[in-house]
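As structure tokens, here come the structures.
Shared between the two complexes below is chain A, which has chain B as its partner in the first and chain C in the second.
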Partner chain A sequence: MNFIKGYLIPRLLQYFIVTFLGLSAIFFLPRLLPTDPVKQQLQQYQTFGVYIPPEQQEEMMRTLRQLYGLEGTLWEQYLDFWKRLLTGDFGPSFSRFPVSVSKVISQALPWTVGLLSLTTILSWIIAVIVGGIVGYYRKRWMEALDVVVMIIRPIPYYVMALICLILFAYVFPIFPLSGGIGIGQKLSFDLETILSIVKHGTLPALTLMIVGIAWQFQSMKLIVQIVKSEDHVWYAKTAGVTEKMIVRNHVIRNAMLPMITQLGLQFGGIFSGALITEMVFAYPGIGWILYDAIMKADYNLIMGVMCISTIAITTSILLLDLIYPLFDPRVRYR
Partner chain B sequence: MKKVLVFVFLALIAVSAVMAQMLPPGIPREKTLILPFLFAPLPAPGNWNLWAGWRAQNCGLHQFVTEPLWTINPNPEEGGIINALAAEPPIYNEDFTKLTIKLRKGIYWSDGVEFTADDVVFTIKTVKDTSGLDYHGPMQDVKDVYALDKYTVVVELKRPNSRFHAYFVERWGALRPMPKHIFEKVEDVVSFDFNPPVSLGPYVLKDYDPAGYWVLWEKRKDWQRTVTGQLFGEPVPEYVLFINYGTPEKNTMAMLRHELDVLQGSAEQLITLLRMSKTTRSYRKTWPYIDPRDISTRGPGFNHMVYPYNIKDVRWALALSIDIVKLAISTYDGMVAMTPGLPLVVNKNFYEWYFKRLEPWLEELTLDLGNGETFKPWDPKAPWRLLEWAKKMYKVDIDPNSEEEVRLTLGYGWWKYAPDAAEKLLKKHGFYRDENGKWHLPNGDLWKITILRGPDPTDMANIIIEGIAEQWKEFGIEVVFNVSSAASTLAGEGRFEVVNTAHGGFAGEPWGFHPDLYRCFNAFRSEFVKPIGELTLGSALRWSDPRMDKIIEELEKTDWNDYEKVIELGVEGLKLEIEEMVAIPVFNCPITIVFDEYYWTNFPSPENDYARCDNFTTWPQLKYLLHMVKPAK
Partner chain C sequence: MKQIVRVFRDLFRDYRFTVAFIALLFLLVLSLLSYVSPYDPVSIYQVPRGLPPSFEHPFGTNWLGQDVFWRLTFAVRNSLLIAVITAFFSRIIAIIVGIVSGYKGGALDQVLMTIGDTTMVLPILIVLIVISMILKDWARSFVNLGLLLAFFSWAWDARVIRSQVLSVRERDFVRVAVLSGMSTMKIVGKQLLPHVLPVIFTTFINNMSWAIGMEITLAYLGLGIDPTVPTLGTMLQRAITRQALFLGLWWWLAAPIVTAILLFIALYWLSVSISEYLDPRARFQRVGVGK
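Right, the complex of A and B next:
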């Protein structure tokens, strides 16, 4: 009962308040941009030489405002936003009119979630295991591995992606240059399609994992090194506890806590996409869609993506809070 | 260890050979022309209803699905307008209140239905009655539209309009006929996705990427029943794939892998591809490689409501402090064509129509520097100076004695680099330099120019404005940039001092192969000028002049086909814009196109000049060119 009153309920309240404020901010922030979505749309036409006589632009702007649902006061639009949000309807995308925001997101999100959740989990597991081992046992080959990671980590992601591309898509054209699936293939659950998705996803996944592992490996290694020198570990050693027990119960368990936090936060971030990966590999994910929406002041689409992202992040944090006591007894007893 | 490395290497080569195939089974590479899709991804993949908003139509949608009534002839030697679905040029009554359109016979939609006057009538009526469709505004001028017979359409207008037909002339975008037999059954035309699209062009949709990065087209079996078939014969490629591989490096790699037959990119990409592949070439065999005939100009524009840019002498001083040859070299390795006028396009038509008539006037153009001193700013020799520089750096095949060749390759000429004259113009208005050579405004403040620009560093307009900023700094003016993704909104509201301009950003782009400049001048009407903070629907530069208003009114009363009168008024408008230095146009947009001749040959070149090179990437006229390409093997 104490756990529910003192731990669960405050966190649930916090979750709802933060989510509400976050979602409200998502409504208001795009409207503070100096960019006018209607003007952006007209600009897009003009950029490509489509001639709209000035006399006719006014009519077009009026129509676009009506179609985009940008009429009415800010308060009316805000109320409308909550009404639509609660029914899962974000309205039409301005830049992709008349396609609905929900459809745009539903087409892009599975690609991003598929790629990022896989690479995030795999990178995390590999980094935690290898980083833990290297942090605890310092052998010669481990030193070499450490040096390799130290070289990889500062390489900007974009450069890393290009190196992989040049190597495996140009010098040895094993993987395709871009896309999520082969030309002419439709999404289905047959082996050929799955292989095509894997083939297209391998390079983006590889680059994300190289960078992800290097970054988390160093975190884990450093945490383990710190934990290893703490008093309770020395005490256990002097008390004759076996090394296996020390590693499992005293070092890894303590070192895991910040890594779990990191994983939880990374998971929330998955729903915002991986912009550079998607741009470099022309991968059909949500990151590019969000970027494009911001550039075109597509309020509805920005709101759609950001709402999902916000809910994902706040929910991840809530879940982290809820599972933390399982890993850390100090939280349980507080 | 060596053995292992050799094994890995061989294994990689073997795997590469197996996995390299990128087209789906049954689509032979040698029968497929692969072109770049420049504005990918598609905003609404699977929605081909280009009458209902932006659809990034240059993925084959406007090249193959649609056909306009009239279109710009892609052949730069012939120029002019092609009668496409229309059999004849537009026919107006005397006071321009009635337009008669005669249609071509024997044209069929790809589903076998004949194209007739009913399609045109239905399109105009539907667009007029449906808020949300493109061209809904312009069609409000229609009083009545009806079919006189199966192949004749009559449009009655509410007010005289000598250019109403221009909405149906395809340059890059036009109101094109929609298939009545499809759209008349649709409940909501705006949200209808028109998937799969029924085509009037020589190809039909085969497949598309749900993520919007590629679209595959297949040649129609009945290509003879299209405008293209009637006018130009059979297109050669069986399939055309428009694809965007992503970043510029990847498009370069794709061409090196022979997975892209045409590439439009930067000067660096062009040089890299020409060096790295034996099968690539560009428009010219030697420097400057590019095709200079784009119909848009780039350069800084001024907010004429902001001091000191509302002073003509200040604008001229800023122009005279630019060394055009140095700018061409620093920004594009000299591979650009310079143009002093807006919108004085560097191509053969504009050379004949406008530049030759302007040249004597340019020679005599005189500025008043103050204290009784005058200055003639025109520098006709700038292209030759650029040529001299290039000869030291590259192999060049331009004959310096051929005035036409030099001017049509490197531009007409520009303004003298005359910082002394610029200084006098500024001092005339009380500007002064401090001991460090920095310019101050007459009130003592340091003169700092803020330039509004978009965030894309690879945008040509941004590359050029950076070069100009450097030169203005050298001249002693402080320059800062306001880089914003909201640049177009800010410009429209007049929240800028100087803005870089692109694609008709000064006002509007011309037709290119037709001399009418109405669409360029119209945005400068006095009535469109709005106070700063209010969105203008005319030119963002907020310049107007009663003399320009008069020219625009005259053009409105002039028949589009009366070339002599149209050009005469165009020359007057250009003189006014140049004299007032409304903006500083510097270069024609260079078309940096590379062709890979591994699978296809006979792309345009100066010796085989059947089209502008960018007609192979983004322009709707592509459908008229595909009978020209030839298989390489």
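Right, the complex of A and C next:
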């Protein structure tokens, strides 16, 4: 009972407030800006040399406004925006006209979720194990690993993706340059398709994992070093507790808590990293859809992706917050 | 003066600081060289196209007949300029928000922090893309792009400053200042700010590095700075869209990539070693969110 009242309800409340504010910001931000996307689109048509008679211009603007959800006063638009959002309908996509935005996104989502969940969890586990060992034992050769991480850590996803692409797809053509599966291949569950998916996914996954591991490795190493020098560990040592027990019960358990928070905090970073990586590798997930939408100025699709991303980030942080008490008994009764 | 020398001597004991310092100095010289460039950074077909690196053209020439080395000097200068503008403006927001919400507390604190949390939760990359897409021409200038980037990068640092202020606020000397009737502005300027300065300095460097990365990412999408103006991002983007690799002009692509990596590593190492020097416990700061 205490858990629900003291922990669950405030967290849920915070989740709803932040998600609500985030989504509202997505609604208001483009509308605060001085340019009008509808007029811009018309101008774009005209610069391409399309002649639109004035009487049709009016008609076209009205239709575009309707499709963009730009009809009526700001307040009406806002209500409409929530109505659309709650029913999961973001209107039609412009670049793939009759297809709805929600359909385009739902086709792309499995790719991103697959890539992201796999790389995030895998890199987190590797980083925790390796970082823990290096942080605890601090051998001399391990310092070399630290230098490597110090070099990789500041490189942003985009540059890293580019380096991977050049190295492993051009200089040493081991992996395909782009795409999610081979051209013309249909999604099915036979061996060939799965192999193709793995082959295409390796390079994007590698990029995400290199950067992810570098981040988390460093955190884990520092945390373990700090935990190791704390009084209770020293006390356990002098009390004759075996090293194995100390590592398991005192160091790992205490170091895991901040690492779980880290997983939640970095999800946002890794998420946008995944978007960039997908853009570079033309991987058919949300990032690629977004890139395509940007190139074609597909306003509705961009809004849809933004909303989905915001909800994805806040929800994953909430989920991590909710499982956190399982690991840290102190949180439960606060 | 003696003090400064001592600080530097201590800092140079850390190999990371030494490496970063030399690398940054090198890049700074590179960017200053742009003022004596024999070529115009924007116009094309000034030199023969696609020449490999030679004595005359240290980093070769690209397919558009531009000298890569001299273009790079402009690119480094412009990228650093954007980074400094971003870091400067976002520091101002972060300092004001951090100090106000840390020192005043209460409802204002909660409102400011909720706003900050919201900007942290937003998919910043996508928001930046959308805004710079809609404001295409507006975001083409250095100052405007800097402002835009600054607006979305203050939240985490404001939080760090706030927590610093929260701990300083409870110390005796602040209480003495309050009791002795010092005005709030003076307390903030004289008592609080000096304690927050190290944080401001290191987050300034981190923010610069983030801004450079963002500029590169935006440029890749054809957004941000005018693509004909050389920055690290636009140079990269040009080389990619003009298929530098398939033309075999690896130096065209390698020059901005290697320079960018050098810059990122230098900034990161500088910030890490300085923050460790200022406060050994601050190693935890490195644990913060990787933006």
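Keep in mind that, in the parts below, the second predicted complex is superposed on the first by the 263 of 334 C-alpha atoms of A that agree within 3 Å, B and C clash if a C-alpha of one lies under 4 Å from a C-alpha of the other, contacts with A are read in each partner's own complex, and residues count from 1 in each chain.
What we mean here is this: a residue touches a chain if its C-beta (ideal position, glycine included) is under 8 Å from a C-beta of that chain, and two chains touch if they have at least 3 such contacts.
Predicted model, so just to flag it, every value in this text is computed and none were measured.
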Once the shared chain is lined up, is A:Q218 touching chain B (first), chain C (second), both, or neither of them? second
Looking at the overlay, what does A:G240 touch: chain B (first), chain C (second), both, or neither? neither
Given the touch rule stated above, what does A:G22 touch, chain B (first), chain C (second), both, or neither? second
Once the structures are superposed on A, label A:P53 by its partner contacts, choosing first (chain B), second (chain C), both or neither. first
Have a look at where A:K199 lands relative to chain B and chain C in the superposition and call it first, second, both or neither. first
For A:P173, select first, second, both or neither according to whether it touches chain B, chain C, the two together, or no partner. first
Considering only touches as defined above, state whether A:I151 meets chain B (first), chain C (second), both or neither. second
First (chain B), second (chain C), both or neither: which does A:G88 touch? neither
Can A:I294 be said to touch chain B (first), chain C (second), both, or neither? both
Which parts of chain A are touched by chain B and by chain C alike? 33-35, 40, 162, 166, 170, 279-280, 294-295, 297
Residue set of chain C touching chain A in the complex reads 16, 114-115, 117-127, 129-131, 133-135, 209, 213, 216-217, 220-223, 236, 240, 245, 253, 257, 260-261, 264-265, 267-269, 272, 283-284, 286-287, 289-291
Within their complex, state which residues of chain A touch chain C. 17-19, 21-22, 25-26, 29-30, 33-35, 37, 40, 150-151, 153-156, 158-159, 162-163, 166, 170, 215, 218-219, 222-223, 226, 258, 262, 265-266, 268-269, 271-272, 275-276, 279-280, 290-291, 294-295, 297, 302, 305-306, 309-310, 313-314, 317
Please give the residue numbers of chain A that touch chain B in the complex, ascending. 33-36, 39-41, 43-60, 63, 66-67, 93, 95-99, 107-108, 111, 162, 165-166, 169-170, 172-180, 182-185, 187, 199, 279-282, 284, 288, 294-295, 297
Taking the touch rule as given, give the residues of chain B at its contact with chain A in the complex, in rising order. 12-13, 15-16, 19-20, 22-25, 27, 39-41, 43-45, 47, 52-54, 58, 131-132, 136-138, 140, 166, 171-173, 190-191, 207, 209-214, 216, 241, 243-247, 249-250, 253-254, 256-257, 259, 295-296, 484-486, 488-490, 492, 495, 502-505, 508-509, 519, 522-523, 525, 528, 535, 537-538
